[in-house]
Each structure stands twice: as structure tokens, then as C-alpha cells.
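By written order: A, B, C and D. Residues from 1 in each chain.
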Amino acid sequence: MTIPPWLDDFLWTYGNLVHALGVNGLLALSMYVVLAVGQLSLGQAAFMGLGAYSSVLMTQQLGLPFWAVLPLSVLAPVVFALVIGLPTLRLSGVYLAIATIGLGEVLRAVYLNVDLFGGALGLSGIPERADNTMIYGLLLAAILALWLVGRSGIGRAMEAMREDETAAAVMGVNLLRYKMGALVASAALAGLAGCLNAHVSSFIGPGEYGFEPAVTILSYALLGGIGTPIASVVGAFILTLLPELLRELSDLRLVLNGVIIVVAVLFLPGGVLPFRLRRRAA
Amino acid sequence: MLAQQLVNGVLLGATYALFALGFTLMFGVLKVINLTYGFYFSAGALVALWLVRTLGFGIWTALPVAAMAAGLIAVVVDWLLLTRLRSAKAPELASLMVTLGAVLALYSALTAWLGSDIRRLPPDVISGEALQIGSVRVTLAQLLILGAVAILIAALIWLLRGTKLGLAIRAMADRPDAAELMGINTLRAAAIVSFISGCLAGAGGVLIGLQRNAIQPYMGEEMMLRGFVVIIVGGLGDIRGAVIAGMLLGLLEVMTAGYVSSNLKEAVAFLVLVVVLWTRPSGLFGRAMTRRA
Amino acid sequence: MNRRHFVAAMAGVMALAGAARAQEPVQLGSIEILSGPNAAYGVAIKAGLELALDEVNAKGVLGGRKINLIVEDSAANKDQAINAARKLIGRDKVVAIIGPTLSNEMFAVGPVANERKIPILGTSTTANGITAMGDYVFRTSLPESDVIPVTLKKAMDRGVKTIALMYANDDAFSKSGYDVMKSAAEKAGLKIVDIESFGSKDSDFSAQLTKIKQLKPDAVGISALVEPVSGVLLAARQLGFGPETLFIGGNGSNSPKLGEIAGKAADGLLVGSPWFVGKPTAVNTKFVADFQKKYSKEPDQFAAQAYDAMKIMAAAIDRAGAAEPAMVRDALMQTKFEGVMGPFSFTTGRDPASAEGVVVLVMQNGKFGIAP
Amino acid sequence: MSGLRIEGLVVAYGRTVAVKGIDLVVEPGQVVTLIGANGAGKTTVMRAVSGLIRAKSGRVIFDGVDIAGRRAHAIAALGLRQVPEGRQVFADLTVADNLALGAYTLSDRAELARRRDAVLTRFPRLRERLTQLAGSMSGGEQQMLAFGRALMGAPRLLLMDEPSMGLAPLFVEEIFNAIADLRREGITILLVEQNASAALDVADYAYVLETGHIVLQGEASVLANDPAVTAAYLGGH
């Protein structure tokens, strides 16, 4: 079967958007994982940056093939998560959020000041190695895995932590282990997203992984709702499509984008998909 | 050079402290992560600019008017967006999210309306004269701003420690339900706190805009990250803590740029933040006015 | 109806359709930053493009066809810039693209246009390596490496022997400007006494300037956009830098905003530029007057570069003989143009060929004039 | 003299109905106690009366006025004061500030001083600790402070929610002595307690709440000897 030219054009026009939907879906899941244990960590953009930078260096400097680069791209973010995890996860609420933002800013300074990372010029000329099959394959796999975890006993413990940490600890949930597990999973997902994004868009720069993207990733999960992994992905889809759908409004579109977020939070407090995972009776 | 650098640090620190005053009050008392705070800072500066340039106000009459305008915007935003969430005892994520949307909408509307160009107050609104004391130079404008900051800090501490309203605000920060049982109208008190915070933000915007000779819609947004550092290191809701943390941060940045490397100037703030949080999670200066967050 | 009539009728219909198509506007795209903190640049560029477009469309191209310019917002975001480029190419079927605003965005968008063989013409992208991305990537903005040596030479004529450098280390434009400034200073034999950086959103420069002041260099070179440059100059005067220190700006300083924001503090600053508002050529005086009339403010260099770029693009489309991207690309290569910036043609590497239009300007009472 | 009359009160948290339509009367000058197991809905009743949560339906009549749906600060201003569950003193404020907040709606300074003196006479321990932060005191002292703070509002009806919870026996005794004193002084009190025997000792009338319903009511002395109550709440004495 051959693709008719108009369809080919259509797919090409929205090709980057289609990539972005998948990548942002992965980022939303990376946020979902930590929110699911009641943690407000905003380190996802930093993890994404580590995944992106390390994978591009592997491609460009070491000449590794992409089948090796993609799995290895989780390495740097996961190691970083393990190192910062212990002292950082003792914090809660706002403090944790701000600490993770601070770590992201420190990383940004590293990208800017170390020549290997290209400084302000970033890294360009990245070959297009990722494609939709990889992106959506990983997204589906991640949704499936998180869904299965959510339905298991681990999921119950996670929900207990989200509702009331002290009570969960009394019930015998090892809080630190779960938090650490969630942080590492989150880092791995964000790292993969960073690697995929870098290998479809030919350029990465130090400004892409700071405060603003961190908050945007959070808003994906919050808009969708954190009851199920799929809800956060839906949130990412909506917020990624919105600026493109509103393109005709030119400079007022960000105003409307903001208003839509406000209205959604005020009137859909559980997110767009406020359902919960149904578990087998305990 | 050391003397001048110390003065530079204090002046920079004063701007951080000024920004953080209302921020720590809003955050510490109202218990929401309100990302719109920086917008009131910008709004104050822009209103003052309009008053001075279009209506011919003097800067010292424009300052309180602009501050109050920013305060009113803060009350309206808080009332429209956060009252419901607060009375529903919604999790802090919701307030973070709703103010995030509001920030996006507000700044975009402001730039769509005014453009994102930098503007400045007419150069003659404040004297550009400088004092030379030994090897140290300070401009008159900088000294005036330092004075204004000191007055605002003193006024805020007096309000919180020396008045009945301040007592009610501190009670509300501690236990909102119990405060309500004492007959304190916490909705009204929250509006007052929003107003005061907004006024402080607006005044900060005018003064800092004046000192830097640059006013543009995103100026508040650019202060936010450092604002977070200051109020967290100082302890949420702790006025004196915020002032000390602001000063220390200013000095640290200047000393880093002056004696280590200017490449590290920005990163040092966040490094300090992370280290403080790792070692003293409730801020550097003992108990905050409000415990926990 | 017999067969011959049918053929004739069909031919007539097709001719009519062809004529109708001939009158269809030529689709031209542009990607600029129109929202968010950096919108000022995109807005200036859009103004320059649209002013030139009015003139172009008064005559039309390819025998009277109008150019339909579609300006898309990138919000200074990489993904949105790419989406905009793909929308322009895939849906609007543009024959070429002007923009995007920032070098970083061009690094992301250039390969997209190049892949589809759509010429893309940067008007404000000065970073190194832009045109190396592919055969379809052009720029009209003079790279700093052509401008800075001219400025430094002027400074050395005035007896400058030592220099301190300052730059914004977090945006590509300022960083590559600094790289050029540093190597040009070394090549010219200037002694670099200190190098200081700051963030492009910073507004406190006192620590860096205090340090520089103590080292007493003859000159301070600044590579940054106009906002931080203004801040640096204001802070320098507050710290007591006098006329004995010569301030030298990069491309970013060449904006009427500098005088508006920094006022007298900017007096004496030297900047090299292919263009300035008072450039005494007929075409420039007309441009400045028309711009003033349409937007009631002075154009800056971003608007001027955009104005020329639109005319260069329109001329290339006209020369190409058809609204075909590959033909427009080839026609662009043949450009010989006399614009507000001066005489213009492309090198084989699709960069501006000549820096002969570069003049060194000096700031005096908030306005740029030719440096004596 | 002010009384309280609750009619058909229903309170829900989301979809969970915690109080399922109760009727309850506190006559002026009476001490009435509401006893029941943990989770029976006692605290919910208290919070609904004082306005901290909004009732889904039903009437709360204080002094002849329906106050259901009014906000807590307005209800407090009417002279209906609460000693909340878990004390809820302002931990970061001094004892003196806590007491001052109890009379927040009062602006007469002489009256304020008079009330403060009365409270400090009733609880002499507080006088020693006036400048101390409330959060640094022991649980029993904090309970006295919460009690004293409510009295600063010169209550016409006092709601007390689990005043003995988590206290050492010595303090429990002191608290109940104070309640008995107040009763003699003619203050109307609605007392919620898990310590049913002490509550029934001090009360005139009692209600028993189980899973959101009133299941039993009567004179406190009668209920104290009711076999069902004895078995369920008085540890089978």
C-alpha cells in the first residue's frame, strides 16, 4: 500500500507534534510515578536534560548505535537520582519541590560552563535516530507497566502513602524504599524522554530543562489527574496540542492556554480523567 | 575593592530581601504556593511607570499608588482563584497548578497589551548623584532605596508584632480553624494578607525598577527563582529570616563573582539552597513564624 | 460535441485555470518570537518584514502575483518553532521561510527546512555554524566575525591596548559574539586583562564591574543583547567608570533601545554595524521615514535586516520565474542587492559576502552617529 | 441564658455521611454530654455546630436563631465558643497572645483585663507561663490554655470536644473540676467525651451517638446505670 501524497504531507506537517505527544506522554508518566507516592518532586526536567545530554554525547562523541544509546540514556539520570535521593527525599511538600528545582538550576550552570556540553550554543546536528515506533512503543510499555504495578500490592502501598504517610508507615510500608523506587523510575522515564526528544529534533540547549519545563511537566499530570497513569498521559496530550490548536490566535493564545488550565483545575479538581485504578479486593 | 564589593552585596541583597518580604508573608500565612507573586511585582512597576510618564506623578507619590494597585490585583486574583481551594482544603498541588495557569495568562495578556520591551522611568525622577566615601561609591538612588527597604521591613514587623491585626494574622498562619473559632474572619484576613503582600511586591517592583532603570512585564518572573531560595533559606513566613537570607544571598553572589568566577554567580544561589535544605530543612534561622509548611 | 471541440474547450479551461493560478498569491512563511519574554525581537522583525511587503505587493512578483506572508509564533520554544516550520511547509505550502529569530531556534528549524528543500533565510541568526546546516539555509545577518575586527581596529586607533571582556553566557548569540570578540582581540594584539560573564536575565553587574574597574583596562567589550548591555553601562556609571574607559559593544548593542534605556550612561560606546538609523543613503532615509510613519517609532537593526531580507526574498522569487523552492534557492544564490544595509550578495556558503557596509558608530546623547 | 437546639442535622464529607440526622437539645444552664465510640461522629457534630463544616441539612438553633450555614467566626461572635478536639492552641504564639486571641472580638480593655484575671485565677499555672510559647508546654497545660482561651470569649454556650483526651489523670481531674465549677456558675455546656463515666458524672443530660445516629438519651444519672451504656462505654462496671 502506498501512502497518498496528501496524507504523507499531513503526517510530515504534524510529525514533530506526533513525536512531542509521545515524548511528553513519557514525561507525564515520569511525573505520575512520583505523585503516585505523594511526592512533589520537580526534578523531571533535570532528569530529562541528563538523559538528553548524555545520549547525544554517546551518539556524537562515542559514535554508539542508537539501540545502545537509548537504554544507556537512563544511566546518568538514574545515578543522579540515587545520589541526590537520600538527602532530598527526607524533604516533603514544597521543600522537596524547590530543592529539585534548585538541582535543575545547578545542572543548567554545568551545561553552560562545561565545554563538553556546548555551553549556550547547546549541541546541534543531532542525527534523527528515534521514530514513532520507538516513542509510542516505550510509551505503551510504560503505561502497561505502571498500570500493572498500580493494580498490585505495591500499588496499594503507594496509594496508602499518598493518602497518609504516617498511617502507611504504621501499616509497615517502607516509605524510603518506595520513594526512592519512584524517584529512580521517574528519572529513567524522563531520561528516555530526553534521549528520544534529542534524537528527533536535531538540537538541544541548556535552556530547555529549567524551571519552566519542570512546571509544564507537572501540569501534564495534574491536568490529566493522578488516579491512573493513562490520565496523566491524556493531560500531556491536551497541553501539547493546545498551543498548536490555538495557533490562529497568535499572541493571545498563551492567555487562553493559561485560562484553560485555571478553569480545568477549579472545575475539574480530580483532573480530566478523575478515575481510580480498580484493584482486586484485598 | 573589598569594601566596594561588600556594598555591592548589601545593595543586591536588599533587592532580594525586598522581593521576598511579601512573598514569605503570602506563602507563610496563606499556605499556598502562589506563583503569581512575581506578577504583582511587575504590575507595581508598570503602574508606576504609567503614573509618572502619562499622568506626570512624582515618583514618591506614584510609589504608594502603584503599590496599592498591585495589592488590589493580588486580592482579586486570590479571591477569584484561591478562596475556593483554601476552603475546600485542596492539596497544595491544586494551588500550584491554578496559579501556574494564572501566571501564564496574566503575563501573556500583559505582553500582548504592552509588548515585552524594556522601559525606564524618566532619568530625572531621581537624582543620579553619587557619593564617594573613601574607595566606595554609592548613588543617592541606591541609598534612598536602602532606606525605603528598611522602612518597609520595620513597618511590616510592627504590623505583625505590634497590632491586633498582626496577632490575628499570626494566629491564622498557625491554625486557621482555631483562628476562625476565636471570631477572626479568616477570609477577610486572607484578603488583607494578599493585599499587604501585593503592596509589598508592587513597591518592590517600583524601587527595583528604579534602581535598575529597567521595567518590563517579565521582571517579576525573573526574580521568582531567587525569591524561592530566599524565603526557603530564611524559613517560610519568617520576615527577619527573609531579610537576613536575602542579604546573605546578595553578598554571596557578589563575592562569588568578585573573587571566584562570575560563571558561578547564578548557580551559587541554588547550590546554597540545596545544601541548606539537605542540612537544615526548616531554613537557616531556627523556628519560622509558622512551623512546617 | 466532437473531439476537436472538446480538446479546445479543455485547453481553454486549463488556460483559464493557469491564469487564475498565476494570480494566486505566492505563499511565504516566517517564524518569529511573538509572545513571551523575548517577543520584542520578533515583533521588530515582523514590522520590518511587513513594511517591505507593502512595497513588494504594490508591484507584485512573477508578473503581478502578490506575496502572502504567514507569520508564525515560536514563543522562543524549540518544539513550537519546529511545529511552525512544519505547518508552514506541509500545510501552507510556502515557497520559502524567513526566520526564525534566535540562533538556537535556527539550529532546530534549519534541518527541517533543509530536509524538505525549502530555502530558509535567517535575518538575526549570527551564531557560528548556522549556514553549515545545509544547502537551503541562508542568512542575511552579518556574522560578528566580519564586524568586530572593524570595531576593534577603530578602538586601537584611539590608543586602546588593554581590554576586559563581558558577555552573557546563557544565550547562543551573546556567547558566539564573545568567542569572536576574544579571538579578534587576540589576533589584533590587545591584552585581555579579565573575562567576566553574566546571565542574560541578570540585572546586577556590580561585582563584575568592580573587579574590572580595579584592573583599569583601556576598554571593556560587551557581547550581549541590548537589555543587559544597558544594565552594564548604567551600573558602570554608578560605579564611577568615566570617559577614560572605552566601552565596545557587539551586534546586540546596535539598537535605539540602548539610548532609551541607558540614556547618557551609554555615551561614548563604540559599535560596529552594517546599518544604523542615520545611515545617509537614499534608500535608508526612505526606510526610516516609512517605518516612522507606519509604526510611529524608530526602526532598530532587527527591523532593518528584516526589511532587506524580505526584499531579497521577493526579488529571488521574481527572478526564479516560478514559485518553486528549488528555483528560489538558486535565485537567492544569484542575489545582487542594494538595500538599507548596503550592497548585498551571498557567499557560496550562503553567508553575507561583504562586510564593506560596516561602519563604526558611537553613541552620543542617546543616538548613534558615525564614529570620527 | 442561652440554649441550643439541633434538629435533623446531617453532615457529610464528600459521599460519606458522618452524621445521619440527629436531634439534640441543650437547655440553658445545663451541662449536656454526647458520648460515643471513636468515629461515631461526635467531633463532626461539634464542628457543624461551631460552623467549621457546613451541614448538609438540618437546623442548629442557638438563642432562637438558626445558625446553620453561618461561618465560624460569626458564630463565635454570638458567644458560642469551642474548646476544639486536640486543643489547637496557637503553638508559635505566647500564652498571653493565645488568651488575647480568645477575646479577639472584644475591644473594651478593662473588660479584657478582668476576664484574663478570672482565667488566670481559675488556672494559676497559666500565669507562670504567660510569656512562654504555647507549643512548648505539656499537653495538660495546653488543654488548660485552650479552656482558658475559650473562657476569654465569655461564652454563653461552651462546646468542649474531648477535653480529657491524652491527658495524665491529674490533669483530667482538674479539667472536670473546672467543668463542674462552670456548671455551678450557670454556664451552658455541650461536652463530647470518650471518658463516659467522668462525663456522666458532671452532666445533667446525656446522648449516646453510634455511627451517626442518636441511639439513647436520658438523664445523665439514669444513663450511668443503664446496662447497655455500662457495657459499651463504662467498661462493664
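In the analysis below, a contact is a pair of C-beta atoms (placed from the backbone, for glycine too) under 8 Å apart; a residue touches a chain by one contact, two chains touch by 3 or more.
These figures come from a predicted structure and were not determined experimentally.
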(request) Kindly list which chains stay connected to each other once subunit B is removed from the assembly in thought. (result) A, C | D
(message) Measuring between Cα centroids, which chain is at the maximum distance from subunit B?
(response) D
(message) Suppose every chain is reduced to the average of its Cα atoms; which one is closest to the average of all protein Cα atoms?
(response) B
(request) Find the two chains joined by the most C-beta pairs in contact, please. (result) A-B
(request) Averaged over CA atoms, how far is the centre of subunit B from the centre of subunit D? Could you give it in whole Å? (result) 42
(message) Please tell me the distance, in whole Å, between the geometric centres of subunit A and subunit D computed from their C-alpha atoms.
(response) 50
(request) Could you give the separation in Å between the centres of subunit C and subunit D, each centre being the mean of its C-alpha atoms? (result) 74
(message) Using Cα averages as centroids, what's the distance between subunit B and subunit C in whole Å?
(response) 37
(message) Going by the contact rule already set, what residues in subunit B reach two or more other chains?
(response) 108, 111-112, 263, 266
(message) If I count partner chains per residue in subunit D, which residues reach a count of at least 2?
(response) none
(message) Show the residues in subunit A shared as contacts by 2 or more other chains, in ascending order.
(response) 112-113, 251, 253-254
(message) Can you give me every chain pair that touches, using the contact definition above?
(response) A-B, A-C, B-C, B-D
(request) Please name which positions on subunit B make contact with subunit C in the complex. (result) 1, 4-5, 8-9, 11-12, 15, 108, 111-112, 115-120, 123, 128, 130, 132, 137, 139, 142, 212-214, 216-218, 221-222, 253-258, 262-263, 265-266
(request) Sort out for me which residues of subunit D touch subunit B in the complex. (result) 50-52, 71-74, 76-77, 81-82, 84, 88-93, 97, 100-102, 104-105, 135, 149, 153
(request) Under the touch definition given earlier, write down the residues of subunit C that touch subunit A in their complex. (result) 34-36, 39, 72-73, 75, 78-80, 82-84, 86-87, 89-91, 103-104, 107-108, 110-112, 116, 127-129, 133, 168-172, 174-176
(request) Using the touch rule from the top, collect the residues of subunit A that touch subunit B in their complex. (result) 35, 40, 87-88, 90-91, 93-95, 97-99, 101-103, 105-106, 108-110, 112-113, 211, 215, 218-219, 222-223, 251-262, 264-266, 269
(request) Quick one: which bits of subunit A touch subunit C in the complex? Just the residue numbers, please. (result) 9-10, 12-17, 20, 112-113, 119-122, 124-125, 201-203, 205-208, 243-244, 247, 250-251, 253-254
